[in-house]
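Following this line, the structures themselves.
The two complexes that follow have chain A in common; it is paired with chain B in the first and with chain C in the second.
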Partner chain A sequence: MTIRVSGICKRFGSFVALDRVDLEIRTGELLALLGPSGSGKTTLLRILGGLERPDQGSLTFFGEAALGLTPRDRQVGFVFQHYSLFRHMTVFNNVAFGLDVLARKDRPSRAAITEKVTELLRMVQLEPLADRYPSQLSGGQRQRVALARALAIEPRVLLLDEPFGALDAKVRKELRRWLRRLHDEMHITSVFVTHDQEEALELADRVVVMNRGRIEQVGIPSQVYNDPASPFVYDFLGNVNRFDCVIEAGVARIAGLEMAFPAVGMTAGPAVAFFRPHDIELTRLEAFAKEEAVSAEGASRAQVRHIYAIGPSARIELDCAGHSVEVVMDQDRLRGLGVNGGDWCGVKLGRGRLFRAGVVAATSIDQR
Partner chain B sequence: MRTRVNGSSATLERPALRDPAWVRWALIGLALGFLVLFVVLPLITVFAQALHRGISAYFDALAEPDALSAIRLTLLVAAIAVPVNLVFGVVAAWAITKFEFSGKSLLITLIDLPFSVSPVISGMVYVLLFGLHGWFGPWLRDHDLQVVFALPGLVLATMFVTFPFVARELIPLMQEQGIEEEEAAVSLGACGWQIFWRVTLPNIRWGLLYGTLLCNARAMGEFGAVSVVSGHIRGLTNTMPLHVEILYNEYNFVGAFAVASLLALLALVTLVAKSALEWKWGESLAGSRH
Partner chain C sequence: MTVEQGLLNVTSEEGTLVLAAAGSWTLTTAAALTRTLDAAPPPLPDDNGQPGRIRLDLGQLDALDTVGALLLRQFRDRSRDQNHPVLIINVRPEHIALIDAVWRAAEAEPVPPEPGRPLYEAVEAVGQASLKTARAAVELISFFGQVCTALLRVVMNPRRLRLTALVYHMDHTGLRCLPILGLLSFLIGVVLAYQGAEQLRRLGAEIYVVNLLGLSILREIGILITAIIVAGRSGSAFTAQIGTMKVNQEIDALRTLGLDPMELLVVPRVLALMLVMPLLTFYANMVALFGGAVMSYILLDISFHQFITQMRIPIDFWDATVAMIKAPVFALVIGMIGCYEGLLVSGSAESVGRRTTKSVVESIFLVIVLNAFFSVLFSTIHI
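So, the complex of A and B:
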C-alpha cells in the first residue's frame, strides 16, 4: 500500500470540503478522483500533495505518517490545473527548477541536471522548444512541460489536478492516451482529479467517485459503471434513465406507468430505479394485444419523439406515458425494427438497479 | 497596459464612436492648451529664470556651499528612505497578497494613510512625538539623541510620506499574478527564500522598479512634512526643496531657480524612465499572460 488516507476532514469556513474520507492507494496504480465541482476531489489531492492541511484525520505515505512532512519530503510531483509554469523562465529552466533548488549536497552537477532535463524534454517530445517561454507554447505543450517539471524530482507519487481540463477535445484525447502509455512505462503511482467521467473510466485503473466531500464508491471502471453503489454514482456516470417508483409488498411500480418489477426484501416506500439507455429494448407494436398498455413480454407502449442516428449507434428519445425515455441501440437493429420518428412502439426495461430512497439499500433488476 | 492599447484601437475602428472633426480638434486643442499653460510654461520658466544671468551664474549658484549641502542632504535622505520603503513595500505586498490573516483590510487602509493625510500633519506628528516637549523628547534629550531638526527626523518624515508608493504598485500586480507559481515552487521543494528570489521577485521586478522610481521622486521633492521637522538650519537640515524656498524668499532668484531646475530635471528623468518602464513592463506583462 502506497498511501493510506483515514478519517480526513477539511472545512473552509462553513463549507465542508471533505467529510471523514478513507482511501487506500496502491503502489503503481493510476487512480482517478471523479466528482462534480465542489465534491472535494481537488482538496483531497492538495492534501495528498501537502499544499493543504486537513482539520482531522491521518495520512501515511509508504507506512510513514505524512501530515507533518513538507511536499519535498513526501516526494510528490504535482501537476496543476492551469500548469502554473514559471512565466519568466524558459521551458528548460522550468523543468530544471526542482533540481536547482536542492540543497548543495543533494544537487546534481550542472552537467547532470542538463542531461536529466534534456532527457525529460525528449520524453515529453519538447526538446526543440527548450529555450521557449511558457507564453510561447500551446496548451498541450504547457501541459507536457508541467508534467516533465513534476517528474524531474523523481517523485514517488504523481498528483495531477484536472490534467486535461483546459485543453480542446482532440488534444485532450491524444494526451490522455499518451499519459496512459507513460504510466504503463514508468509505473509511478499516480492520482488524477477529473470531473469528466469518460476520462476517468478510460484512463484509470481504479476510480474513486466523490460527492459532497464523501467517497461514494471505489472500484475498477467497469465495476463503478455496471454496478453503481448509489443513485448519485448512477446519475453521474454516463447517461441514465431515472424513474421514481413506489415499493409495495415486494413489488416496485413506476409512478404513472403500468410497469413493475420485483423488489424482494425491500421495505415499502418511495424508491428510484435507474436504467442505462443501452439496457432498454425497443419492440414492435405488433406484440401488443389490442388497446393493451403492457404487452405479454412486459413492454410498455411509447411514441418515438426523435432519432439521432450518427455513428454506429442510434439514440432514440421516447415518450412513455409522459416519461421521457432514452434508448441507445445499433443502427442496424433499429433499421430492422423499421421504427421512425412519430411511430408507436414497445419499450422494455432490461437491466437496471433499484434504490430505496433514504436507506442504503439497493437491488438489481434483470428482466431480460 | 495591453487592454488600454486594444481599447483605444478598437474605438478608432468604430465609426459610430467618431465625433465630428471640429469636436475632436477642439478637445485636443483644449487639452494641449491646458498642458502648455500649467505644465510646460512653468517648466520653461524654471530653466529660463535659472539661466537668465548666464550659464556661469547658474553653476556658481549650484556650487555655493549651502546649495551643495542641500543637494547632499536630499540624496542622503532619499538613499535611506527609499531602500527602507522598498523593503517595507515588498514585505507588505507579499503579506497582503499571498496570505490570509485577520486585520488585512486594516493594513491596506493604513498603507493608504500617508496619501490622505496632509504632509504638514505628518511632520507635526514627529515633532509631537520626538520634539523637545514631545512624548519621547525628555528621554531622547537624556540620551543625547536628536531626532527633530536633524537627519533622523527628515528621514522619518520622508519615509512616512513615501511609504505607500512601492506597496501600492505591487499589491494589484501580485494579486493578479496569484499564488499559483509559488505553490508550484513549494511542490517542487523550494523553501520560502528560494521562492521569493527565484519566482516572486522576477515576476514583480518591473512593477517594483516603477514603484521605487515614484517613491524616489517624491522622497527628493517632499516639502511639507520635511519643512516641519527640518528647522531650516542652513547647510545642516535644509533639503533641496527647503533651500529653494529660502533662496526665493531672499529674492535670490537665480539661486532658487538653479536648485529648482535640478528638481525639475529629476522629475523629467523620472518621467522618461517611467514611460520607458511602462513600455517595457507593459510588453513583458502582456507576454507573460497565459
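So, the complex of A and C:
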C-alpha cells in the first residue's frame, strides 16, 4: 500500500470540507477523485500533497507517517489546474527549477540537469519549445510543461488537481489519452481530481466518488458505473432517469404513474428508482389495448417531446404522465419504430436500481 | 396507493363560476395548485351586467393543511379585489377549525419587529470589532516573528540569500522611486518655506525659516513623505505581486518543489526595502531642504551660503540622523505588511485588489503611529 488515509477531517470555519475520510491508494495505480464542487476532493488532494493540514486523522506514505513532512520530503509532484508556471522563466528553466534549487550536496551537475530536462521535454513532446516563455504557449502545452516540472524531481507520487479543467474539449481528450499512455509507461502512483465523470471513468484505474466531504464509493470504473452504491453515485455518474416511488407490501410504485416493480425485502416507505436512458425501451402504441394506460407487457403511454438525433444514437425526451423521461437508442432502431416528435408510444422500464430513502438499502430491478 | 394530488374542477353556471376543490390541498401540492388557481378563468358577468360570482365548493376536499387554507384565503381576497363575491360552501366539519385559525392569522396585524436596543448593539459592535482587531494583530505579530527568523536564517547563512532577487527589488523600490520622491520632497520643502516665511516675516524673524525647515524636515517630514510614497508604490506592489502568485497557485507550486515562500519571496523584498529606505530618506531630506532653500532665496533673499551657515546652529548630530534610525524600522513594517497581505489573498482577482488597498492603508497607519512613538521615545532620551 502506497498511501493510507485514515479518519481525516478538515473544516474551514463552519464548513466541513472532509468528514472522516478513509482511503487506500495502491502502488502504481491511477486513481481519480470524482465529485461535484465542494465535495472535498481538492482539499483531500492538497492534504496528500502537504499544502493543507487536516484537523484530525492520520496519513502514511509507504508506511511512514507523513503529516509532519513537508511537501518536498513527501516527494510528491503537484500539477495545478491553472498550470502555475513561473511566468518569468523559460520552459526549460521552469522544468529545471525543482532541481536548480536543491541544496548543493543533493544537486545534480549542470550537465545532468540539462540532460534530464531535455529528456522530460522530449517525453512531453515540447523539446523544440524549450526557450519559449509560458505566455507563448497554448493551454495544453503549458499543462504539459507543468507535468514535466512535477516529474523532474522524480516524485514517488504524482498529484494532479483538475489537470484538464481549463482546456477545451478536444485538447482535453487528447491530453487525457496521452496521460494514460504516459502512466502506463512510467507506472508512477498518481491521484487526480476531476468533476468530469467521463474523464474519471475513461482515465482512472479506480474511481473514488466523493460528496459533501465523504467518500460515497470506491471501485473500478465499470463497477462504479454499473453498480452504484448510493443514489448520489447513480445521479452523478452519467445521465439517469430518477423516479420517486413508494414501497408498499414488497412492491414499488412510481408516484403518478401506473408503473410498478417488485421490491422484495424492502420496508414500506418512500424510495427512489433510477434507470439509465439506454435501459428504457420504447414500444409502438399498437401494443396497448384501447384506452388502457398500461399494456400487457407493462409499458406506459408516453408522448415524444423531442428527438435529438446526432451521431449513431438518438436521445429521445418523453413526457410520461407529467414525468420527463430520457431514452437513448440506436438511430436504426428508432427509425424502425417510426416514432416522431409529438407521437404517442409505449415506455417500458428495463434494468434499474431502487434505493429506499433514508436507509442504506438497495435492490436491482430487471424486468426485461 | 393514492397519489397526492390537489384538484380543482371548474364549471360555469350562469353568472357564477363553480370551483370544486378536491384531493389534497397541502404543501406538496401547493405549487401546482397555485398555478391552477391562477389559470382559473374569471367568471362572466350575469344578465344584469353585475360582476360574476364565484362559488367555492370544499365538499370533496380530502386533506387540507395550513398552506392549502392560506391558498384558499388568498384566492378569495384576490377575487374580492376584482369585485367577484366569493361564496364558500360545503366546508367539512374537520376543516372548519383549521381554516378558521389560518384565516384569523392572515388577518392579524403583522408583529412589529422588536425595538432595537442601540446602546447594547453599539457595545456589541465595539466588542466584536475589538476582538477582530486583536486577532488580526496576533496574526500579524506571529508573521513578524516568522519574518524575523527567516531574516536571521539568511544572516547566519548568507548563501541562502537570493542576490538577484534582492538587487532586482532594490532597483524597483529604490532607484525607480527617485524621480517621484524627489519632486514631491522638493515641493514639500517649497511649501514649508513659503508658509514659514509668511508667518515669520511679520515678526521680523525671517532667518528662523531655516531653523524651522531644518528641524521639521530632517526629524519628521522627510522620513514620513518617504514612507508614505514607498508604502503606496512598493508596499502595494508587494501585495499585488505575491497576491497574483497566490491566485495562480504559484505559491503552492513553490511549496511542492520544497521551497519556502518566506525565504524566496518575503526575505528579498523586506531586506531590499530595509537597505534602500535610509538612502531614500537621506535623498528626500536633501531635496526637501534644497526646495526650502530655493524658496527662501526667492522670498526672503537668504543666500544658499547663509542658509547652510544658519542651519548649523540648531541642528545637531542626532537631528540629522534620527530619520535614518527610523527608516529601516518603517521599511520593515511596510515590506512586512505588503507581503503579509499578499499571502492572505485567497481565490479571486478581486481579493488581490482588496488586499492591496488594505496593505497601503495599514502600513501608512502603522508608520504614522510608530513615528509618534519614536518622537516620544527620542524626546525622553534627549536625542
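By our rule, the second predicted complex is superposed on the first by the 368 of 368 C-alpha atoms of A that agree within 3 Å, B and C clash if a C-alpha of one lies under 4 Å from a C-alpha of the other, contacts with A are read in each partner's own complex, and residues count from 1 in each chain.
Methods note: a contact is a pair of C-beta atoms (placed from the backbone, for glycine too) under 8 Å apart; a residue touches a chain by one contact, two chains touch by 3 or more.
Nothing here was measured: the structure is a model prediction, and the numbers come from that model.
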Task: After aligning the two structures on chain A, examine chain B and chain C and state clash or fit.
output: clash
Message: Under the stated touch criterion, which partner chain does A:Glu248 make contact with: chain B (first), chain C (second), both, or neither?
response: second
Message: According to the stated criteria, A:His88 is in contact with first (chain B), second (chain C), both, or neither; which is it?
response: first
- request: Kindly classify A:Phe78 by the partners it touches after superposition: chain B alone (first), chain C alone (second), both, or neither?
  value: both
Task: For A:Phe236, decide between first (touching chain B), second (touching chain C), both and neither.
output: neither
Query: So, does A:Pro134 touch the first partner chain B, the second partner chain C, both, or neither?
result: first
Task: May I ask you to decide whether A:Phe274 touches chain B, chain C, both, or neither, giving the answer as first, second, both or neither?
output: neither
- prompt: After superposition on the shared chain, which partner residues are touched by A:Gly98: those of chain B (first), chain C (second), both, or neither?
  reply: both
Query: Intersection of chain A residues contacting chain B with those contacting chain C?
result: 49-51, 70-72, 76-78, 80, 82, 84-86, 97-98, 101-102, 149-150, 153
- request: Could you pull out which chain C residues touch chain A in their complex?
  value: 1, 3-5, 248-250, 252-253, 255-259
Query: Considering the complex alone, what residue numbers of chain A touch chain B?
result: 49-51, 70-72, 76-78, 80, 82-88, 97-98, 100-102, 133-135, 142, 149-150, 152-153
Chain B - residues contacting chain A, complex: 180-181, 183-191, 194, 198-199, 202-203, 287-290
Statement: The answer for chain A against chain C in the complex is residues 46, 49-51, 70-73, 76-78, 80-82, 84-86, 97-98, 101-102, 149-150, 153, 246, 248, 253, 255-256
